[in-house]
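Alright, structures below, take your time with them.
First chain A sits with chain B, and in the next complex the same chain sits with chain C.
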Partner chain A sequence: MAVTTIGAGAVKPKVSGDERMMRVGIVVIGLFLLIGLLLPLYAMMSKSFQDSDGNFIGLANYAEYFSTPALFFSIYNSLTVSVLATVITISFAFVYAYALTRSCMPFKGVFRAIALIPILAPSLLPAISLVYFFGKQGIIKSWLFGESIYGPIGIVIGEVFWTFPHAMMILVTALSITDARLYEAAAALRTSKIRTFFTVTLPGAKYGVISAIFVVFTLVFTDFGVPKVIGGQYNVLSVDIYKQVIGQQNFEMGAVVSVVLLIPAVISFTIDRIVQRRQVALLSARAVPLEPKPNRTIDTSMLIVCGIIAFVIVSIIVMAGYASFVQFWPYNLNLVLSNYDFDVMDGGGWDSYTNSIQMAAWTAVIGTAFIFTGAYLVEKGQGFKKGRTVIHFLAILPLAVPGMVLGLSYIFFFNHPDNPFGFIYHTMAILVVVTIAHFYTVSHLTAVTALKQMDPEFEAVSASLKVPFYKTFWRVTVPVCMPSIINIAVYLFVNAMTTVSAVIFLYAPDTTLAAVAVLNMDDAGDIAPAAAMAMLIFATNAVLYSIYSLGTRGLQARTQAWRKR
Partner chain B sequence: MTTAMQDSPGHESAGTKTYLRIDDLTKNFGAFTALRDVSLEIYEGEFVCFLGPSGCGKTTLLRCIAGLDYQTAGRIAQGGTDISALPPSERDFGIVFQSYALFPNLTVQKNIAYGLENRKVGKADTERKVAELLELVGLEGQGPKYPAQLSGGQQQRVALARALATSPGLLLLDEPLSALDARVRVHLRHEIRQLQERLGVTTIMVTHDQEEALTMADRIVVMNHGVIEQIGTPTEVYGTPKTAFVADFVGTMNFMPGTAAGAGRVRLGTVELNCAAMNGISEGTPVTVAVRPEDFVVRCTDGANGNAFEAEIDDMEFLGSFYRAELKVPGMGESRIVVDLSVNAVRDLELAGGRSLPVAVPSDHILVFPAD
Partner chain C sequence: MTKKNMFGKLGTAAAVGLALAAFSGLQARAASELTVYTAVEAEDLKKYAAKFNEDHPDIKIKWVRDSTGIITAKLLAEKNNPKADIIWGLAATSLMLLGNEGMLEAYAPKGVDKLDKKFVDAANPPTWTGMDAWVAAICYNTVEGKANNVPAPASWKDLTKPVYKGHVIMPNPNSSGTGFLDVSSWLQLFGEKGGWEYMDGLHQNISRYTHSGSKPCKLAAAGETTIGVSFAFRGAKSKAKGAPLDIIIPTEGVGWDMEATAIVKGTKNLAAAKTLADWSISRKANEMYNAGYAVVAMPGVAKPVKFFPENTVSAMIDNNFAWAASNRKAILAEWQKRYDSKSEPKK
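Showing the complex of A and B:
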């Protein structure tokens, strides 16, 4: 019997086969996050302190950056559009979320579905659509009173559209978890509706609002698609990285801008984590759910406001869709399919679409399996506490890293001649790896939430029955968590289809992607084909999402029969 | 079937062969000591309860025995083998948690068969065993249902059947009844106990409910703040508690401050009483005197060798089969004592609030503890 006793009765537990296997799993996940995240970031940061020959030159690059107004002025620009877009998005999203949770407005299901539309489209799509509305030949160009859409106005409108669903979902959650008793107390004290709103509703949703602010701010601050298409001469940080690297081949300056972009993102991320930790405590409190009561005035005004917001969202999509069929905007408005003939245009043709589907499918399958298993090991593993804590931290980190920064970091790391993993550079594999790494956090947190709802003693019971952990994982954990697993897969697929920033530096001639093709066609002036490709991405995601929504109902009925009493 | 499934002779004759032996077990969580120098022996076929208030370390001790947590120091031996460092999968036990931890997506049948499937038991044998276990726990015909379709009590039985399916040498139950409502709980107490006697499986049950421990256990291990206060049969723990904590935690107890008055006597205010056991406390030391409400005598108090005092009934509460009275003792100051009075004593002596009467305590029912 392998009993090892040390000193005065101290016990050194024997490591079981299960535990050994779990440790190996944790180490594998750790290595992935090390190679797919930490080492590339390190390579990028060290590059920012080097000259083009790789010699260490201290802060010289930073000195150059901050003495070039054309460069550092982008910080101001990025902050300006981010703050503006955040304020506008949060205001609209709050009203919308309020209407969905606290009013008796009709058609809530439809409104909720419409609000989610922007998630399914690449951020390039609203920007292209805005060109058709307000561009040089836009149909309602005059509404801007002579201002140009190419610049901060276009960026802000595009970003508001694109970040709206993210803010709305957070706020719906925050407004759903309230205690009806507070409102009853307020009513009993004859508090006016307005006062109740400011003394009960707002404080209750406080953490949700703060969290939504940081999420939207970070999304806008780091987004590349919208400013790339509609930013014009208005430089922002993410586009600067692109220009430095692709336009001027100045990789060192690209690294400097990346660090400048990374810092606020990390700060914003850190604050958000702290805020969210508090909200968890709020969630676990037992509360009586609030049932909204009909109120003619409120319900009607909510319907009008939400109707306008929903109309704008739908028009932006419809405009891109319409433009994609128009033969020659604005002179020949015949509807044709020629813009979908991608093979005669730059950007990779139809291959880029099939590449995207392939890449998204691999990301969804491998990413989900990998991330869910990782979350399981972190959450349910025994022993090796240090390893599990490190993985959990590393899994949260990608949320703080902008896609552009991650993509550029991959160039420095994987393109290095001494890197043994260099062989994946310029392959489909590196696109899948970077996408999994980029969207790791949300998937990981979804998995952790699902796993936390499982009885913590399942593993103990199966050990007592001498059933190896992987068997219980496969027979119990995976089936019970299936809804969340599918949710993660859909999330990864949709994002892999729409992402531009992480992959823009990494695709090769035979691995062009649809979203990148949108950008390149737009760059080449082929706006209608760009709109067509963006619509194709959107349609693909919309179909998948509809199947998912309808399918989960059917799946729930069949495989989750045990949930019913 | 293995020996564990054979009928055992029964309750009183649980073996005296040590099955589980725990030596100087200590468990720290960081700077916090959850268990301190815990030593105990559990005999083969015995039903032992770990009893103590919430947070005293009962679950921790149980988890150490199972290997789900590892002790910081100390040893555990099961069936003569040192298992101190073995992972749970290499120990021999079945466990039922407070939450039952039934696999929600598997039917009752599959839950019970879960541990068998991995042991190369044939399909027919597995089915037969599952049917046998279902019958054993009184759930015939419920096999194809999912756990969510069963009541709490039924789920509890499934968990029990699953834990017993692999015929473990040791059955561990962590507050198995606390999630159930009172009526089901009382019923299941008997069932679990009967089942355990039939199978003869050595069983440890954690509970914070003293009534549960008193009615079910062969022996009770009373714990407090990570140490064992007393180990004994229910009668011993109730009748001769070793510490004031045990006296207080198990049953109802009157505690009265007093002083040791030498040679088997204690003084309470102006009242002096004989007591059988002084636990070697020297004269003049402040003590706590403990008497159970049912140990006071109100009839024939003359024959009590002077172990009697005058008291006045302050308040009386009818509890069906007896009265619980609060008495004021003029010689003992402001504090009240609680005395249980039989219905016939109240009737015969015409007792009522405000009445004064002599009350006696047999000297062997007076417990004396050092004052703290």
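Showing the complex of A and C:
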């Protein structure tokens, strides 16, 4: 491959040394994604065609799967709760996002902040909270009219809470990018408000809505925390994998269920990608941003609806927090700290909390450095186009891979006796690697977006001045992109703190994690301590997030001053 | 400019240093560190290790704890590449199973002759030695019982009565040792056919099966269910914490199993493992077990345990462990076929 692609600059600079380094960099990133993603997935898929001694048996495992009603019925169950939760989440999130972008409702900042709360908590937390609301001893149990919370109802409510911010953020973005001229035209033509909504607003947000639907659907379909805690005997696919692997050590069947779980996730991911690609062409350069005008009726009703949604979100967190201090629910409601005495509970004690902090910090530091550099090489690299395209594709792929599937794949791949990387099995390192791989895509896309905003002239000028690219990278690119870099680090940290699915199969006795401890304590029936640990995770993330929000304002002012004239 | 440059270099150096620190030292391991697999209740592990370290401060215990079924499955899965040095506190039926697979190191701990014969493997030298007996029991929440008009059951058969529909939770025998001893005791008490018929009836009343054996009792303690099929030790602990529980020993008799100790064949820390095995049957250890368990391996040690039902010992069935161990796999498969599809919608 001797052909060099030239950037925006017209001169062909002599950068062969740079180019070699970049190639090495791209190969290193590529190797990481190969070892951390592709090969494990391959190991998992091939396992689904083997018996427990490793002999190839074709589709026999699948035949067994589809002839066991207790197993294949979960597909139907998973689809049911996913569709229900998606419809409800999208409806609520759309109204909420509409209020934030298109109304003059007061307290928008507060509402936006509240809507983000669920992201900071593990998905186990809403489920635990629901037990205190609607369980046999729940305070508003009667609201269910005798139905049990343990089952589809609990799963759907928990998932709506947990996926709400994801949908809301996508929809806010979709509703923000619109062209005010369309509304001016509609007003000039005396189109009614309702008609305008259906002919302008909805079509404009169409791609955002579709994208949000697929994101929420995938999240619910592959989530493990909520159904594990509140699913009762209502089996879903992700819990089946856990039961097969952890409960019965039936790895082959676990692999089969993983493949079954992977298929819809991949389909939904593919459709979402296609939709995203179309979205790009929507907004022209001449578009005028829409400024919402005050409208008493709309603003008041939006305030009421958003107020109710925000109240529910806050109550769920507050309930878990309250329950975590109650001595013995429901018979002794004294407030005590004993539920935070994790050392006498299942799940790893306080060590698991410090382990989680450590793991999250490593993931944030190493992951951000790695992913941002990777995105830089893909976006700003010269030459080696094929390599860069492959990396970009590989970087998008993790979004389609459920955490449970990734975690199980790691067992098959890294615990294989012949694997030279086997030494990282049962260490903190493998937890960091799997978490980086699991959350690669969003971080990568954030970095790419930030890098796209930078004029390629920077690289061209530096190259013509014979400044090596890594100096430009370190002195110009990194400082300019600092807000996005910190954003990525915070995203990785928060997710590393809350994730259960990817690490549940991979932790070792001395690397237990807080979110896994929540799961194990709930499993042993220690629900209040589970709530306590979940709240601890939430509080840690909330503190970090507040510092981040306040800090970025200062940072923005310092490093982004150049953006202004 | 220079300042920035220096910061950059420091940053790089720090990052590299941190990364190196992360990947080295993770595998570091003291020579006298024992990896101990166990199913003992989590709240007791710290105490067990501390008591042991009073006599042997040089040996550090690294616990790997999970439910009986899971620890058993984990050991079986690691058969070719064992990670455990010794097993301290796992159901004797599970250890028999592992023994049949040739995974245990036969060893007669010092003072083994002082134990009740029932608590020692018959082979010479024995592959496992018992610690204490853990006994099935029903945890009955008196407050919820009154509120829901659900009377206290007196026998296992009572639990199949329609009045208990939806009020009973029991552990899944596939993952829980307690669940398995329940199932195996019913099969012994009521016979093969009668046992499965009994469970068919019981299944109608079960609201859910849990992964762990202590969870049903903890759920009963918290009023999430009225009746939890669990074990007496757990019930006594919850009752001590103030839960409105009655611990009921059903009249037909109760299944039980021993918690036992065995050295894993191929351990690299054989000497330390033997030290722990010796200690695990000492008088001091037996007194420690007695804090929670009414029946321990060394005769004459046991004192009554608070909140433990008095008739516990006499109600323990004449448990055929060898039968239970050799039929474990078939029983569990049959159970799963019959009851593990509670997920299907109720029409």
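The definition used in the following text is that the second predicted complex is superposed on the first by the 543 of 565 C-alpha atoms of A that agree within 3 Å, B and C clash if a C-alpha of one lies under 4 Å from a C-alpha of the other, contacts with A are read in each partner's own complex, and residues count from 1 in each chain.
As a convention for this text, a residue touches a chain if its C-beta (ideal position, glycine included) is under 8 Å from a C-beta of that chain, and two chains touch if they have at least 3 such contacts.
What you are looking at is a predicted structure, and each value in this text was computed from that prediction instead of being measured.
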item	value
Contacts of A:F133 with chain B and chain C, given as first, second, both or neither	neither
Which superposed partner A:Y98 touches (first chain B, second chain C, both, neither)	neither
Touching partner for A:W362 - first (chain B), second (chain C), both, neither	second
Which superposed partner A:R475 touches (first chain B, second chain C, both, neither)	both
Partner chain in contact with A:L465 - chain B first, chain C second, else both or neither	first
First (chain B), second (chain C), both or neither touched by A:E457	first
Partner chain(s) touched by A:A70 [first = chain B, second = chain C, both, neither]	second
Contact residues of chain A, present in both the chain B and the chain C interface	475
For the chain A and chain B complex, residues of the former touching the latter	1-5, 8-19, 455, 457-458, 460-468, 471-472, 475-476, 479-480, 560-565
Complex contacts: residues of chain C adjacent to chain A	4, 8, 15, 18-19, 22-23, 26-27, 35, 42-43, 46, 62-65, 69-70, 73-74, 76-77, 81, 83, 143-144, 172, 174-175, 207-212, 214-219, 222-225, 241-244, 336, 340-344
Residue ranges of chain A touching chain C (in the complex, touch as defined)	69-70, 73-74, 77, 131, 135-137, 148, 150, 232-235, 243, 246-249, 251, 328-332, 343-347, 362, 365-366, 369, 417, 423, 426-429, 432, 474-475, 509-510, 523-527
Residues on chain B engaged by chain A in the complex (per definition of touch)	24, 26, 66-68, 70-75, 81-82, 84-91, 93-95, 97, 99, 101, 103-106, 114-115, 117-119, 146-149, 162-163, 165-166, 168
